[in-house]
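For reference, the structure discussed in these notes is given below.
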Amino acid sequence: MFLEIVDVFISGLINGSVYALMAVGLTLVYGVTKAFNFAYGSFYNLGGYFAWLLLIPLTVVGGYYSVFFLAVPFFFIVGYLLEKVLIAPLRKYDDWEMKVMMLTLGLSLFMDFGYQSVFGPRIKSLPSIIDGTVEIGKVVLFQQDIVIFILSVSGMLCFGWVLNNTRTGMAVQAVAQNPAGAQIVGIPKDFIFAATFAISTIMVGFGGILLCQKNFVDPMGSTDIMIKAWVITAFGGMGSIRGSLYAAFILGMLEAFVGWYFGMIHVQIATLTLLLVTLAIRPQGLMGRE
Amino acid sequence: MKKTGFLAVVCAIVMLSGVSGYSADTIKVGVPLAETGAYAGSGDNYWKGIDMAINEINKGGGLLGKQLEVVRFDSQEFAPEVVMQGANYLCGKMKVASVHAGWAGWGQDIRAYGKYDAPFFCDDGAMPAVDVYKSNPEKYSNTYFITDTGGDQANSMFSMLTALPYEYPNKKIVIINTDDAWGMEVGDTLSKRFKKIGWKVAKRETVPYGTNEWGPILTKIRRINPAIIHIEIPSSQEVITFFRQFIKQPTNSILSYGWSITPLEVLTTLGKDADGIVGEMPAGMPAPKAPNSKSQAWVDQYMSIYKHPVPAGSWIAYTSVMAWADAVKAVGDEYDFKAVNKHLKEAGYEGLQGRIKFGENNTLHAQPAAPIVHYQVQDGKLVALFTDPPLKPYGDYKFQVPRWIKK
Amino acid sequence: MLKVDGLTKKFGELVAVNSLNFEVKEGQIYGIAGPNGAGKSTVYNLITGNYRYEGRIEFDGQDITGLPPYRIAKKGIARTFQVPEIFPSLNVQETIRVGSRFGARGGLDKKHSDEVLNFVGLEEERLQHAGLLNLLGKKKLMVGAALATKPKILMLDEPMAGSNAGEIADLMDLIKKINQQLGITVIIIEHFMKVLTELTETLLIIESGRMICCDRPEIVTSDPRVIESYLGDSYAEDK
Amino acid sequence: MLKINKLNTYYGESHILKDVSLSVGQGQVVIMLGPNGHGKSTLLKSICGLVEKIDGRILYDGQEIAGLPSEKIVNLGVTYIAENRELFPYMTVKENLKLGAYARSARASEKKNMAWVASLFPKLMQRHNQMASTMSGGEAKMLAIARGLMSDADLLCIDEPALGLQPSYRVEISKIIREISKQGKTVFIVEQNIPQLIEMADKIYIMEEGAISFEGKKEDALNNEQLREIFLGL
Amino acid sequence: MSLKRMVVILVGFYCLMGVMPLFFGGTDYIMNILIMILIWAVVASCWDVIMGFAGIFSFGQVAFYVVGAYASAILSVSLHVPPVYAILLAAVITGLFGVLVGLPCLKLAGPYVALVTFAVHMTLVPFLRGPMGRAIGSGGAQGILTVPPVSLFGMTFSSEHLVPFFYLTLFLTIICTIILVLVIKSYWGTAFLALKDSENFAASLGISAFKYKLMVFGLTSFITGLFGALYAHYVGMLSTRMLSMDVFTILMIMIVIGGIGKYPGVVVGAVITVTLNQFLAPMGMYRPLIMGAIVVVLVLFLRDGLVNPIIRLISSRQKAGRTGEYLS
């Protein structure tokens, strides 16, 4: 029994790290720019297709190293353009938050079916970064899961450090807390908005690459990802990085234990009920600010 | 503004009525399939068979001297409204002479196409769809189920699993199925049959689509250490991730994948890793060697066009187009639906594996000419072990005890 | 008419209003003054039920403590806002009618609305979009809508802010008219001491949420505590 | 130092500033008086690049800055200190100050300015780890001014520095502004009526309804009965 | 938009719709589209009222629609309530459900309302598919396949008899449209506008934000539920696929085309969207691709939707100054 619980606990940890990886970009963008990106899942898939394209048809030299190396500029440009071309022009309307939601919803439809028409409707699988298992006593772990766990947690910590300890990170926080104030002290607000989008796109792209190599590149999978990320973001508190880190692990554990004890069919409803109850009691989420 | 509203309505009507270019020198064939969404993969399988059949007929001079013209419709994820739109569009507006769907929902399609008289071939394979048919056989007499129901398939799976030349170490089975009609039906039937012969269904788990993290379930499975794990999830992702996570710390269990072995991606992704898994395909084509030279020629042709092995649904979709064409040829008028239906039902069709006949409830029950084929993955390929009915070993192919089972 | 007893409001650690007591008598023009951030507007917001608070407020003999804003409005307490709040998507006449329809007595009274329109001097702009009015117009519109609710008491929040001498005189006339012709009790928050000394009968000075003094204006303005805390040295020198 | 020529500003459809022209000399303290809501703040925001639609010329040190993005203007040495403070609420005093020196031009002298600010606002530095959102109005205002000083600007545009403050703070702010002016900085203040500030003004403007209605020395203003009464609050 | 013009547009629209069966009565395909136009026009109008007029960013419209549909289907299938009563009951249930969802939303600011209501939408999927849904008769993932048709005065209204069903729908549509127009043009509508513009000022004039917001939730979900229920008995089968993003997006496109808060623009939006969706259906995966692109382009370039600029173009002679018809 004890071993079983350890097993489920580890499963929850892995779930949590995966979810953290999914959600952090969305949280960041919302926190700084107050724009809710419904096309988030589609950018996640873009990561998957990006890796697939480089690895399978193009068989790029260096494998995943090259993929990650090339992903940084690629997703930076994609995210930057997304903000500059599609989101920024909407800011002049007073109901721009609504308009952003609508626009990105349309964009996600466009992107998802764009993938289908370009790459076909079938799922694609990526070679795994690392294969094999590690045995610790009676517990067997995937090396792949360990890599994802380490990358996602250290990525989050590193990101948090940058946010709190560098000038640019401070500037990003400043824009999040008070855009007008940021402008006054000479922070280029519009650039920070676009850069935040770009950074979050890099993160979601990396998340896409990492998770798609674990599972699949699924052209229709973006809605699921969006909803997962959305649930975590809303649960943790819109815009709170730390909140979504907690939320990701809480939900990961919840899923693992509910699935183990009550059955997988109850997982989704348990998660969403938790979210609804949280939002009803504390609309700003776990760590969110009013 | 009145003008705007008027203009909008007029535009709408022009758009709607404008597209139906009616020409008498072709025969329209409706193909409503999932082209987008979660079922697009299976839709693609059916389409390949249908397309092959239509090309073959057209190359051979067409049907009654006329070329066949395909009218496709994307039935997406079978939302009732979309299915109904499809029926109205294909039968009502485009006036197609027959409809070839694959998996088209769980009964909505029967009702939608039952309103019209054109023969409607579908592969719902689940009891609720048959129940709709049974509620008014007269009205739905143009419906043809091109595979057996889930329950009968499950019965066949049960027979195969008990007939395997393998001694089970215990009498415990774990059944994992999806939360939809198909999965529930197969799961229920299997657990009933196994209980009857004194087995214990140690765990019955219903999972939603999109389950990719199997840790909690595998934890329980490891404690149970069942003799058989049966998975019934008609979608490739879930079964692949299950296998990957299972194999890292396997139990001494036969992995029975049922229909879940058939999605194309399962084998192309897992390759030789999947060796040892067993599964079935209804109305299937035994492999790697087809039962006769005609079938083998067809399989070769298929592989030369599409560059992959024949997935579930392709062959039977091909055959149903051919069967319909055969009936039309015999009747001499593609729009004499009554006669076409009568011919289809009474005469059946001489297919590649023999004469197929639609039986009770217009269902193509498993029969020697369209058998349920039970496979095992060997060397990364599907190898037929049995055909059913009657359940008999196929060719010289032998069951191999999976490598993860420790003696 | 309006009796405030032990009114206290804390925002986190900040005590915005600190056990404040005062009473406004019927027919009075009552002034409230004090430095910015002293809690004047907060007092208004508490009376109109925008926040929860400690203490007790009595109006017209009824306890109105803790009622939501719209209920308080229906009881006959109307107010204006320091920064003009209007409905940009409605025109002047509609705005006034909203007040009439939802106000104290309930039910739309067109005649009264038109009278109010004349009373505040907006009859010429009646079909104009509220958003296009100038500052003075917006203020008058706020007062008009408030009057249309047929209030017993009207609370004005810095009505003179941003006005020049002519406009101030104009507005002072209007306030006097409201008080004398319509018999409505008026409470007014204002910075311009001159306005307060001329209009009000009683003047309440608060600082940091606490009452410093409350008396007739001429007495208040010569109170050394007031001069020190609020009016500053220059005022005293000037005197 | 600063020369504005025929500046017009719009918010949406409404025309806020109408043909405003003025000049502020090097090292001067210039005060603009006028009632609330008549465009004074808009003028400062226009100078600092915080208003989108402006028309006209703004020359700073002979360089055209009208229409430049705010961060460029800050880099040139013009800083806006907002009336409603615009602090970063969930950052500490110290972090707020550090961000005050975000502009590239201010980074080199960040340490020096920090020391200067610390000497000007000793009380503020005692609580450098306090969150800005928990500060009282007066303290927050001090912090806003301190943050503005961190930008190493030569021209400080201060919007209502003493608005709504208790007399003790007003006196302190007047002192600080005097101190700033002594350091050779140019100060352009928008105010309603603070006698202590008017005392130190080199030049006074009065704005009514978006246009300049008076320009002159403080003596002239003080001698003008009407102005005294309406705007100087005396 | 003035009451007069609004009425002219709507009367014109419904008259046009009313004569349609004369031309297309025999073509099921087009009749089906016309019926769906009517249904969606009302559902989208409700969304426009709650979002555009009341200013509440509710993303729960599809959820209300589905709740109405399932409620009526379950009532008539499991409890054998005659469909006519089932539809009415379902509408009441949905109305109450709307009030229930509305309650926590009243305290929340803009985007958070969208979050809560969308969370309700998402929770419905596993609820209806899962064991709890099956327990109340939702049929799980398979859905409900045997929703009985509406019978009234000895007549059957269903997808088998499209012309009678069309007129039944038209009748209900007109009634609901009248209700919505009355709401928009009465003091209700004014109260919504006032609350949207300045909640503080509105409250100081005696308008209860709580009451009116709750009422708008109740009313719009009642009507939405009514049409959801009608739809259930029309198609005769239900599944949770109704909650897919596709349906949600299509409903949204209607509003984007019609213009938010520009009633009755959304009605024309519904006509265009439903037709376009049908027209593009044979294009397979290019349909959603194009629909998505349309949303992006429209949101980006047309602030008031597609319909209103056209109206303005046509009636450019009339200056867009509103007269005081509210409350008059």
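A, B, C, D and E are the chain letters, set down in written order, and residue numbers restart from 1 in every chain.
Operating definition for what follows: a contact is a pair of C-beta atoms (placed from the backbone, for glycine too) under 8 Å apart; a residue touches a chain by one contact, two chains touch by 3 or more.
Quantities reported herein were computed from a predicted structural model and do not represent experimental measurements.
Colleague: Quick check on the contact network: minimum steps from subunit C to subunit E?
Modeller: Counted as steps through touching chains, the separation is 1.
Colleague: Under the touch criterion given at the top, what is the topological distance in steps from subunit A to subunit B?
Modeller: Step count on the best path from subunit A to subunit B: 1.
Colleague: Could you see whether A-E or B-E has the larger number of C-beta contact pairs?
Modeller: When B-E is set beside A-E, the one with more contacts is B-E.
Colleague: What whole-number Å value describes the gap between the mean CA coordinates of subunit D and subunit E?
Modeller: Going by mean C-alpha positions, subunit D sits 52 Å from subunit E.
Colleague: So what's the Cα centroid distance for subunit B and subunit E, whole Å?
Modeller: Centres of subunit B and subunit E (C-alpha means) sit 37 Å apart.
Colleague: Rounded to the nearest whole Å, what is the centre-to-centre distance of subunit C and subunit D, using the mean of the C-alpha atoms as each centre?
Modeller: Averaging C-alpha atoms per chain gives centres 31 Å apart.
Colleague: Counting only residues that touch at least two other chains, what does the list for subunit D look like?
Modeller: Within subunit D, no residue contacts more than one other chain.
Colleague: Give the residues of subunit C that touch two or more other chains, as numbers and ranges in rising order.
Modeller: In subunit C, no residue touches two or more other chains.
Colleague: Could you list which residues of subunit A touch at least two other chains?
Modeller: Residue numbers touching two or more other chains: 113, 116, 121, 265, 268.
Colleague: Would you mind giving me the full set of chain pairs in touch?
Modeller: The complete list of chain pairs in contact reads A-B, A-D, A-E, B-E, C-D, C-E.
Colleague: So in the complex, the part of subunit C that touches subunit D is made up of which residues?
Modeller: Counting only subunit C, the residues touching subunit D are 12-14, 35-37, 132, 135, 161-165, 192, 207-208, 228-230, 232-234, 238.
Colleague: Taking the touch rule as given, give the residues of subunit A at its contact with subunit E in the complex, in rising order.
Modeller: Residues in contact with subunit E: 34, 36, 86, 89-90, 93, 95, 97-99, 101-103, 105-114, 116-117, 121, 223, 227, 230-231, 234, 238, 265-266, 268-269, 272-273, 275-276, 279-280, 283-284.
Colleague: Across the complex, what residues on subunit B touch subunit A?
Modeller: The contact residues of subunit B facing subunit A are 35-38, 40-41, 43-44, 179, 205-208, 210-213, 215-217, 219-220, 222-223, 236-237, 240-241, 245, 248-249, 264-265, 269.
Colleague: Quick one: in the complex, what on subunit D touches subunit C?
Modeller: It comes out as residues 13, 35-38, 134, 136-138, 163-167, 170, 195-196, 208, 226, 229-230, 233-234.
Colleague: Inside the complex, what are the residues of subunit D that reach subunit A?
Modeller: Residues in contact with subunit A: 48, 50, 69-71, 73-75, 79-82, 85-91, 95, 98-100, 102-103, 106, 147-148, 151.
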